[in-house]
Amino acid sequence: MTDYPYPLLERPSMIWTKQTDKTTDLKVHEWIETVGDPFPNWHDYDVTILGVPLSKSSISTSAASDNPDAMRQAWKSFGTYNLDEDIDLATLKAIDLGNVKQHATDIAYTHQQIEQAMAAMRTHHPHTLPVVMGGDHSITAMLIKGWKQAHPEETVGILQLDTHFDLRDLNVFGPANGTPIRNLIESGTVEGKHVHNIGLHGFFNAKELKDYADETGVHYTTMKQARKKGVAHIIKQALEQLHNQVDTIYLTVDMDVLDIAHNPAAPAATPGGMYTEELFEAVQIAGEHPSVKAMDMVCLDPRKDIGGMAVKSAVHTMLSFLTGYCRH
Amino acid sequence: MTDYPYPLLERPSMIWTKQTDKTTDLKVHEWIETVGDPFPNWHDYDVTILGVPLSKSSISTSAASDNPDAMRQAWKSFGTYNLDEDIDLATLKAIDLGNVKQHATDIAYTHQQIEQAMAAMRTHHPHTLPVVMGGDHSITAMLIKGWKQAHPEETVGILQLDTHFDLRDLNVFGPANGTPIRNLIESGTVEGKHVHNIGLHGFFNAKELKDYADETGVHYTTMKQARKKGVAHIIKQALEQLHNQVDTIYLTVDMDVLDIAHNPAAPAATPGGMYTEELFEAVQIAGEHPSVKAMDMVCLDPRKDIGGMAVKSAVHTMLSFLTGYCRH
Amino acid sequence: MTDYPYPLLERPSMIWTKQTDKTTDLKVHEWIETVGDPFPNWHDYDVTILGVPLSKSSISTSAASDNPDAMRQAWKSFGTYNLDEDIDLATLKAIDLGNVKQHATDIAYTHQQIEQAMAAMRTHHPHTLPVVMGGDHSITAMLIKGWKQAHPEETVGILQLDTHFDLRDLNVFGPANGTPIRNLIESGTVEGKHVHNIGLHGFFNAKELKDYADETGVHYTTMKQARKKGVAHIIKQALEQLHNQVDTIYLTVDMDVLDIAHNPAAPAATPGGMYTEELFEAVQIAGEHPSVKAMDMVCLDPRKDIGGMAVKSAVHTMLSFLTGYCRH
Amino acid sequence: MTDYPYPLLERPSMIWTKQTDKTTDLKVHEWIETVGDPFPNWHDYDVTILGVPLSKSSISTSAASDNPDAMRQAWKSFGTYNLDEDIDLATLKAIDLGNVKQHATDIAYTHQQIEQAMAAMRTHHPHTLPVVMGGDHSITAMLIKGWKQAHPEETVGILQLDTHFDLRDLNVFGPANGTPIRNLIESGTVEGKHVHNIGLHGFFNAKELKDYADETGVHYTTMKQARKKGVAHIIKQALEQLHNQVDTIYLTVDMDVLDIAHNPAAPAATPGGMYTEELFEAVQIAGEHPSVKAMDMVCLDPRKDIGGMAVKSAVHTMLSFLTGYCRH
Amino acid sequence: MTDYPYPLLERPSMIWTKQTDKTTDLKVHEWIETVGDPFPNWHDYDVTILGVPLSKSSISTSAASDNPDAMRQAWKSFGTYNLDEDIDLATLKAIDLGNVKQHATDIAYTHQQIEQAMAAMRTHHPHTLPVVMGGDHSITAMLIKGWKQAHPEETVGILQLDTHFDLRDLNVFGPANGTPIRNLIESGTVEGKHVHNIGLHGFFNAKELKDYADETGVHYTTMKQARKKGVAHIIKQALEQLHNQVDTIYLTVDMDVLDIAHNPAAPAATPGGMYTEELFEAVQIAGEHPSVKAMDMVCLDPRKDIGGMAVKSAVHTMLSFLTGYCRH
Amino acid sequence: MTDYPYPLLERPSMIWTKQTDKTTDLKVHEWIETVGDPFPNWHDYDVTILGVPLSKSSISTSAASDNPDAMRQAWKSFGTYNLDEDIDLATLKAIDLGNVKQHATDIAYTHQQIEQAMAAMRTHHPHTLPVVMGGDHSITAMLIKGWKQAHPEETVGILQLDTHFDLRDLNVFGPANGTPIRNLIESGTVEGKHVHNIGLHGFFNAKELKDYADETGVHYTTMKQARKKGVAHIIKQALEQLHNQVDTIYLTVDMDVLDIAHNPAAPAATPGGMYTEELFEAVQIAGEHPSVKAMDMVCLDPRKDIGGMAVKSAVHTMLSFLTGYCRH
């Protein structure tokens, strides 16, 4: 265990400097530690944050690869104290493990590294909560496979916030950002009925994918339906159903679930999508749930961001999730 | 009839190439046909789409002239299947007729061409549904005059979604983007009481125009009022009233009705405006109504768009309207 | 009184030209007068508008100094008639006094000028309503101190719409944009219990500041709470409480209270914030209240604006407030 | 003469305020006067500046209509003193006449107004130097026709800096931005051999137009040729030839002659074009020449500008020309 | 040969519509044909244009994948007639073959397709001139390998215009955009001494790469040296040397050779780089040379373009090269 | 000396992480060390880099305060090896000292800190070369005063590359970005005749300032003159003159000396300015000169940058200067 997780990971390219003696007005970048010397004692940590800067696997060209570093740079604008809930995230001990190493031209190899990174995390410090900053949605398939490799006995369910099914044909695209859920179903990693997808949008999902979802039992709620019933209500319902069927719920947030006016940086975000206030409440509820044991945020391309609003929303999504987790 | 509508129209400057054997995951650009050889058999078509790239008639300089081609380019991002309603637009047969030819320096001549194009459409294939991509709002006056030319016996009413009355003085501006409704009333084409304008905003309509609306019986609901009662409710009410009074309801959507955060590309869009989710529901309801027989979308300047969100919203507006129409 | 307020002020760098004989379709820039010759007879005026182009006092670099002129340029897009309420602002007589003169390198001196400008306004024409276009939030401390200098006997309360407490430590920052409320409390100008802050956001306010607010009795409602109960309801409640305790309510609107999708130009605006429709209703309610006797708008950096939406929102905020004031 | 030129003109929408007692560090906006009361005594003035905000006549949609006001706003960044030549423009007396009034939908009418405005200027104060801020290139035909109307006996030649011939077919386009020189030749206003066009670029001029130029004797030098021989040298040569043949040389600068890296705001600017340093020297040489008696700058669309660089270049072009004129 | 090149290629997603009867003012998009029915008779064509939309192989994320379609869209702004040289490109017959098909997640497979596409072109119509629109620089290795596959007996030399050596270590990066020249040398496809690289820049090439270049005999001239001696001179010298040593000279233009002010869209472009006028002259000289038999343009990311200037420069580069080729 | 320079400085907010074992392809961010533990042994270092993030002292609002961190982030794109000169900067040992601490609202206090920081550097490790990343030009006065405090016996001369004289009136502006040279002259720190300013531009310097320059003996060469004689030649001449008169030459580069097309991020940059290739050569020549012992770069506002070109140019300027210094 001594050299874990160095073989697979590398430090983020820039790190925040800190004033170590600071006791008040703690900012997120001053709270989250980075891996350094001496080697971390994993038992001290509650949350492990991992960057996966891979977006070569996107069907349309994406710079979601820039997102982990963009989120890290935006940490500085956020405090650890959540006035809304009177909760201070600093009661959790969190560490930024850095990024999974990327190969310039071999996507399959990088995918293996991602899977191994999650497997190693689950093997060496299974009590910590993994929070993953993608990268595109292809990584979710690898991360959950890594989880299953470490916990082969566990049943895993997925709470997915997404504009799309992500059930496209693996034979055509390979392990791309349009196929992760199908990848997990076809590889037997997750059962279709243990997937709840919320926020789907008309005109962005082929009829064939709906048919596949119906055949494999994937649960789904369109954004229009979710808004009518209340996003919070739908999330709670999905969590309850999953809780009764699986050991672990994995939360995956495709940032394109947001309305394009709120998230211009997700190339596939649409008008009529979810608002940030709805998303933050949704992930906070998920974070509170005892079965939710990992989360990722994917498909945010910071190069398309406007005034930093999308990256801010991604950081806020992470912090809202952790706010919920503080209630455990 | 053999060469209709070529004398007035020209093909869009770029057309999407298609994989003709595609049977699944049909995209909008693969669904909508373009006029080519052999000559279309109009009886096969349900929907005829027309571009009107005129914005020289805008009071403030506008590049809404770029909108028809911008919308065509954005078709590729949309599928024909609407998951929200489980409706596939591909059950309709649609054809893109191209653009009304424009004169570089003679606006009046171009206006005549627009009127003739609609008249010809209504004469030669009156069973199809015209969907018009503007251009600025001056074109609505020409399009409805063309309709009346082909159907002189019909009473036409207007359901208008707009931030403005568009009742400014013809003597001052001529047939500009601020005058179409007044143009139609003063020319006796449409009666004031057969106009329902929804989404008007404070500070963007002179008192004189309100007085003119009151005198001529134009019905109007401000955005603030509409939001309090529910946009969908207001739309249904207006449709019902019009249905009892006119033969044909023409839907005109000035894209500046949207909140400026949702539509930065309409120069006159305002804060506090309509959200895209509200607009999409409104036009879908209109599309469902049997008396609504034509629609246009105007005043969207793609050069001011941010991340393509406004053009996406325009395409979604068209598709939501057609979703309603599928229910006929 | 003859030369007031020239020693402290200077004319805006550009002024709108007017067609003096215009009687219809009056635009805001044609309604608001500018100081010229002959010298204004203050008794004729209801509203005095003041620009304070200071943002050197911002903790993070800001060009909120550009805001007064940006707002003036945007006046042209607005009419004086508010269709929503059937109220014409032109029934009020308004004058733009220009800007408080700025020193290039001496912030303290400029702050004194700001304080003196408000004191002079209150001394020479106390019946007019001051509307101030900032600048950053540091100016609010100076403006209220100037008010108190002219009206030492009055108790002043603050209705603050803000993402932040603005209660940071004066010893560390001096009179910066993060400290005005604390400045007012510590200087004995305003009592903590007479401050109502609405729209605060989690992760952007340190725990220490909440503790300070609790200790000094500052009232606060987070955006999340306000949205659940209704922003309008919360505003009315705060006004009612203040009305019972103070002589004068000063309304200060930090434009960063808006959601970042609606206001990309406030560097500290966040996702999940207030929507413009909510803000406009809030300030209109405040404007209607007889105890609200001054207002400012601060912390909007036009260089970060997207398509002019934020500056438009600031002007709309001012006009909505004045709409309420017309009901007095 | 009393009410000239009011019937045709209107004041710019914004004007700079001035500190009238300023004697040092004079800025351009403080130097150029605006028409007000009392009525100007034309004999006092050397330079009359006219805005022509027309770009509806552009073949491709353009907002060159915004240019006159954009240039006026940029005046503030420039001083009157030219350190390069130790010349102070303030030794000239200059007045901004405002803009030729525009009709919203009748281009032909506006064109007549432009022609009349120049004719009136030449009739009422023929000793002043007209400097025109366009607008698109169609206005040059109207301005020179107006000149000829006032001075029917004069032979007029044209020194044109342009990427294009502007010799396209009037029958197809009407008086558009691609046809002004042909318009002048075909109407007999100017002879082809009295036109010298410098800065033309390959791939942007049809062979037919070169043939027309050759047939009508238009002189032309491509940018590539001009750079090899030196732009200044070519300009001097052209001026010398024109000087021997005509009474008056009219300088027209199509801002698209600039390299697109130096002028992103001219939609037709190309890579490989003229650099600003070359243009400034060229127009200064032209300004020095006694036969050059008027100039215009056209086809700059400020909405496409980047960081204000193009508008700054246009103002610098005007000031460089006037620097030359000071040497008269 | 009947179905060549369909198995490897696909049509561009959009194609320009044409007015087939047009005989004057031919635009580039009207001149270049597209593959359709009936099947092209290759003997009719002089130039075959190929798109290679691959940039997943870039070390830093790039959207150079968008470049082929961006260039096609920009064709419309260019005429076929080059006034500078009085040459009409339309004397050449050119066809756009479309794009090499891309796999979403298997870069190695796509690379094979690219190699095969060039091999097939050289086998089936070896008399045509291939012009390739990349994509990133990794494709150059594949294209030249494809060439060698079809012409194993030929010696191939490379004239490279580039800021970088592109000699990075294959073992670390694989066939990425930083390694193509090394790839060709190490695979024995091209000898180091047959590579002439012009335009290299300080601070962007490691000492190790210079050492490798020296060891393998690669010729190189920095931009600073080239400018001092004249870019045209250096190009002619390199062509002459290569002409004496190889059968075929392949021209590869990495668009990052341009100064960043002239090409903001090449992520690795630097200040102090080549100007467009220099590049256009350089490629025209290369096009004139009888040994230059193919060319590609790579590493232009249209998403970073400013006002279209970079894509325009790429098209101009292609047309300047073909202008030279017309002189054959 | 033990705690120097901590009392005045703070670490940059982000620092680059490094792979310490790297021996090839060294990037600038991997070469420049940061202050950490153990405490630096100053005798090991050749170059000390200091950030001065102050721009509150700018007359027009500027975010040049963001420049030091922006430059640090851009270091990653540059290698230490300069191929143009075959010089590796890594032969110098360089350390980034961090930033001078800033007060939020007290500019005078911050100015004192800057002066003290330079004085301390010169006292504690006078053999190192200070390279300062501003900030606005006001800091140059403080830095040179700090130098004189440490070396009261030395005569200091200034080589200034600037569009402006920076000789404006201290009584009006205080120690702002328009007054540093006058500040130095009036305080007796530097004699006017020991200032050589190169790159001045017409229309951006008042006649009064030229007169002041003439009276105080300041040497100046406009950009137009410099380009005619060659920038390199003028620089060498100035250095030679200064070398004969002073002990130390301080190089100050106001980045607005660059042409606005090359540097959109300097608000006062103009068209017709210096090109980057000229600037890089100029500073390299200065760096080579034995009397040049310190340099700063000022007035670059990264928020106005386009595609990072200006910040890249600033870093290249620093590296070109150090390339020259390597020749010492």
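Think of it as A, B, C, D, E and F in the order they're written, each chain with its own count starting at 1.
Keep this in mind: a residue touches a chain if its C-beta (ideal position, glycine included) is under 8 Å from a C-beta of that chain, and two chains touch if they have at least 3 such contacts.
Each chain and its UniProt protein: A, B, C, D, E, F = Agmatinase family protein.
Computed from a predicted structure; not experimentally measured.
Enquirer: Taking contact as defined at the start, I'd like the list of chains shared as neighbours by chain A (Agmatinase family protein) and chain B (Agmatinase family protein).
Expert: For chain A (Agmatinase family protein) paired with chain B (Agmatinase family protein), the chains in contact with each are C, E, in label order.
Enquirer: Where the contacts of chain B (Agmatinase family protein) and chain C (Agmatinase family protein) overlap, which chains show up?
Expert: Touching chain B (Agmatinase family protein) as well as chain C (Agmatinase family protein), we find A, D.
Enquirer: Which of these, B-C, A-F or C-D, makes the same contacts as A-B in over half of the contact pairs?
Expert: B-C
Enquirer: Quick one: how far do you have to rotate chain D (Agmatinase family protein) to sit on chain F (Agmatinase family protein), C-alpha fit, nearest 5 degrees?
Expert: 120
Enquirer: When E-F is set beside B-E, which has more C-beta pairs in contact?
Expert: E-F
Enquirer: With over half of the numbers shared counting as same, classify the chain A (Agmatinase family protein)/chain F (Agmatinase family protein) interface as same or different.
Expert: Answer same: the two copies use largely identical residue numbers here.
Enquirer: For chain B (Agmatinase family protein) and chain F (Agmatinase family protein), what's the span in angstrom between their mean Cα positions?
Expert: About 58 Å, centre to centre.
Enquirer: Could you grab the centroid distance between chain A (Agmatinase family protein) and chain E (Agmatinase family protein)? Build each centroid from C-alpha atoms only and quote it in angstrom.
Expert: Going by mean C-alpha positions, chain A (Agmatinase family protein) sits 40 Å from chain E (Agmatinase family protein).
Enquirer: Going by the contact rule already set, what residues in chain C (Agmatinase family protein) reach two or more other chains?
Expert: 259, 261, 306
Enquirer: Which chains are in touch, pair by pair?
Expert: Every pair of chains meeting the touch criterion: A-B, A-C, A-E, A-F, B-C, B-D, B-E, C-D, C-F, D-E, D-F, E-F.
Enquirer: Quick one: in the complex, what on chain E (Agmatinase family protein) touches chain B (Agmatinase family protein)?
Expert: Residues in contact with chain B (Agmatinase family protein): 11-17, 73, 76.
Enquirer: Spell out the part of chain D (Agmatinase family protein) that touches chain E (Agmatinase family protein) in their complex, as residue ranges.
Expert: Touch list, chain D (Agmatinase family protein) to chain E (Agmatinase family protein): 200-208, 210, 222-225, 227, 259-261, 264-265, 268, 270-272, 304, 306.
Enquirer: Quick one: which bits of chain B (Agmatinase family protein) touch chain A (Agmatinase family protein) in the complex? Just the residue numbers, please.
Expert: Listed in rising order, the residues of chain B (Agmatinase family protein) that touch chain A (Agmatinase family protein) are 24-26, 28, 77-86, 88, 259, 261-262, 276-277, 280, 306-309, 312-313, 316, 319, 323.
Enquirer: Which positions of chain E (Agmatinase family protein) touch chain A (Agmatinase family protein) when the two form their complex?
Expert: Residues in contact with chain A (Agmatinase family protein): 55-59, 61-63, 65-66, 103-108, 138, 172-176, 303.
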